[in-house]
């Protein structure tokens, strides 16, 4: 039996890393002009007419929706296992809380560092970006659910956030791609990152824990809390950091439509897949979200409402087929155990979203966007002022490949790090079980009349 | 035994209708000036000074609250049955996702069609209206919960949204009523629509499923998630599409107050109704919401804070009495089986809300509203510029009757359509059971020590 | 056995108090200029350029987040007991609904009364304050959970809101303290108020109900819903009534950071406290929130991002130690039974938050805040124009002591009132049991195959 005692390693990691955060924040992180007490002076200098022009009022409602997706959405989506609900929602809570701090630093160094002062100035947009950055690692957790220790998850997050910041820098800054909702930088990266880790950590004897790798009635209802909060707030996710005005407005509409369409095709395929036409909760909980993932890049573009519906239509089908056929194939043939099916919900729809974005970008025209609109949406300014939409489309496609490559290579390396026998991961017959890392009290309250009924039955 | 196999019909309905949506969206739906990339040009043309004036920032937070009510609120409210939680939250998810697309088209054709271009231009207000329109059909689902197939629910939604758009056109445009939170157009219509369908689909032998028509401990707690999200966000529901500024502000305050008052009278009547003064979860889950329904029309008026409290006070009492006495009466005497008691939560409070709105409108005065305020609140402009408040009150009352008539007649017709033996509805001894349409795995995890305890008990 | 029949007392309290609310609202409460139909005139008079300047758009999103914290956050946090989930979420619902009405009046009389007209004019900020005021009594409920009747809880709320309004008046107006998120006025007051009541109501034979004073697996997952909604929306709580612009922006950032830091130290201490390093759900559900409490006063100050992390770091440790050592000590040595451990989550972190606020205020400088910023943040205007930051720090510390004193003395008095044998509280062997005040149906659905499996086991 493996040693799953994390009494030294878990507190050590938490304390040391948190102290490091404090020190690094002390050196680098400051309030930006919109959150600093000098705001009134700043308003005067910049000729800003009203407090309502503070970015806080443009983005805070979306930020809170994103925050709910990260903690309740991802957290409860992973409570579906019959005996791993504590681990699902609890470890998600832990790693997102660490990840968002590290993300503020990493993203700050790459994107927001003021080289004259050496400081990172933060505001609400940074908080949204930090939550996004965590999402990559939380997606990876979906592939590993039940098979790793909390210490391993902290390592996954440390490297996940680091890799994220680098690939994001390459994709958004060097390649100058647009990816507001992160089909590429969040979902494709996070999905393949988790799959690569899971592939390296393959457990040939995982069938010994098979009895616990499934849901019970109430755990499936808990998971629906996660699904619905993700589904409802996805329009905020894809519009949270798009341009003020029409950018946020359009991204929300497109995502809303794509997701609605996905639900219908998911239900259709789920029902067709079973002899009696019964629906499967696994599909309803997961594949219904694929439309939001696939709209992550194109949501801010003029993809048009029916275009959004088509994206949702196709990804619902593809994702449900993934759960039906690809996940078993990956497990049996490619030795890849993917607990939540992130391959079908994040990796593939994210990759598709990247290419959809490339196509929609390449098809953009002044007629549809207006001259100014085109410049605003694709940020054709400065040294990118002369880029054509066709070139932009090419770069978008290249960005998707970069995200996947970072996920696969980074995940493989992190997987090997996690193979060292020091992290306290559970034995093969002990996976998917909260008893390993949590004090679990009664599963159910015994009750006289219940037992008597049972015995007299 | 009936044939409940929906393996052909459910996918067929989902695919065909979703493809129809895509085609119709392609022909009709476009972005409006506030969500189109031409926004910067539009700002210049219309002399709009800042992105913050985009309607997105006025309404998006309310939209998201309404969205949560539709999917988590209505969805989880219907998880209270011990073995129909998947169907409660899952079918709600399906039909709302379809309904909102169809609503964008139907409401678009009636209210937002630009006759010069033949297009419907959408923005965030249309999304809110589409969610509202779905609510009518979701309310109807409450009366049918556990007794119909998902295919029937899709039919209920198709006709429900269609009827909604027509009655809404008559009430809001032809009669020029005000009904921001939809006491009339949403709740009275939806409630009577569901009741009429349920009456036509009366099942004399439903007692055969009696064992499943009830809650267990945890399913009642799940239902409270739905109740609370409905209750908390109802101020957003009633203020989501009211006038900018004081209109939204006042509607939120009035609804907040009415709902608080309802809780106290619901608790009072619930406690009085039981020998030992114990409270009944059915009342707490449902009747506490009646104040929000009844404020749907009057919330934007100057009903005054104590007026709101009085509305909440009375509707809490009426709704709880409904659950105690009217629902059993309807079932036993009128052959009307109403699973969730939508009669008490939507139909009657909605009707009352319509008449309360009529009275408050008729009592309006320039003194209380100011001249401009009166014109703004009741939209006394154009050909309605000379309408008096008394006339307005009369039209409001007439509007309520139109909503009820549409619900009853439309519901009866749809009910007859649903009686054809082709829809895969469950047999009388098989209602309220998720096993009919869902793959249900374990209800509870067996566990050695639990069983041994039980046997040794 | 005690008489727990509340069939007369509970409806009487609800009806009489609700009618009193209606009468008092009729006499005192009116819409303020921003929610009144005269708004258009008001805009012209005050030279307000746009509807978006209505305070509704600055504060409504935060208000809704706070509303969720009060009803879902506090409510579900108290569902953790295996058989008291109805009481946890249901009584919370009842007393918050009453409390917010009474709070609008009490806070109105003290802070918002227009002496020329004798009216209280309300808007969205009053709704937020009313929700805050309820929070004090809901915190107190945490210490009493399972041991009191709903009638007693109504009394706790009546006096709790009254005391709150008085101490708030002293602290914010007379002492001119700043306390946006209420470390002092909400948490320290509410925590000590509940503890004092619980101390007076000490039950020497509470061990007779020991079998029910604990969680089961699913009830712990329900409680996580409460935890997460509190945790996620705490940035809105602490920023809801701070100054427009940088004030709200900074308060949200600081709270977000402090809470993230708290999670890591809570996990660390929880893991260290158990032989095998397993985590305890009690800590994760509660101590992770202590950072938000402790930032309640200082969140709007220029505490700087790393300062927020330090506050979270320390309070996570202190709170978890409280659950491990102080709660048992209080129960065994001081005869103080604190069901939810509000001592560790509210009383101590609230007190610390008050003193942290005092220190940060005393350390403020024009260099960091700018001259105008300093005046804005600390409201050094009118008769307080010459107050120094050092003096302000002293007053902040004094305010903390006032809050604690009000809690302790007020709680002791209310405790004695609740000792009268007329309130229907449960017997010592009957605590923590929903059967006393709720009609509880089946705990779990019996099912043939389950029983047979069990018997054949």
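To keep things simple, chains are lettered A, B and C as they appear, and every chain counts its residues starting from 1.
As a working rule, a residue touches a chain if its C-beta (ideal position, glycine included) is under 8 Å from a C-beta of that chain, and two chains touch if they have at least 3 such contacts.
Which chain is which protein? Per UniProt: A, B, C = Ammonium transporter Rh type C 2.
All figures in this text were calculated on a predicted structure; none of them were measured in a lab.
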(message) Just to check the components: without subunit B, which chains are still in contact with one another, directly or through others?
(response) one piece
(message) Please tell me whether the contact surfaces of subunit B and subunit C are same or different in residue numbering, using the over-half criterion.
(response) different
(message) Can you compute the centre-to-centre distance for subunit B and subunit C, using the mean CA position of each chain? Integer Å is fine.
(response) 32
(message) Where in subunit B do residues touch two or more of the other chains?
(response) 52, 57, 61, 83, 218, 225, 443-444, 450, 454-455
(request) Could you pull out which subunit C residues touch subunit A in their complex? (result) 49, 52-53, 57-58, 61-62, 65, 82-83, 214-218, 220-221, 224-225, 228-229, 231-233, 235-236, 244-246, 248-250, 252-253, 256-257, 259-261, 263-265, 267-269, 271-272, 274-281, 284, 288, 302, 304-306, 309-310, 313, 368-370, 372-374, 376-377, 443-444, 446, 448, 450-452, 454-455
(message) Taking the touch rule as given, give the residues of subunit C at its contact with subunit B in the complex, in rising order.
(response) 4-11, 14-15, 17-19, 21-23, 25-26, 29-31, 34-41, 43, 50-52, 54-57, 60-61, 64, 67-68, 71-72, 75-76, 79, 83, 85-86, 89-90, 93-94, 97-98, 100-101, 122-124, 127, 150, 218, 222, 225, 424, 436-445, 447, 450, 453-455, 457
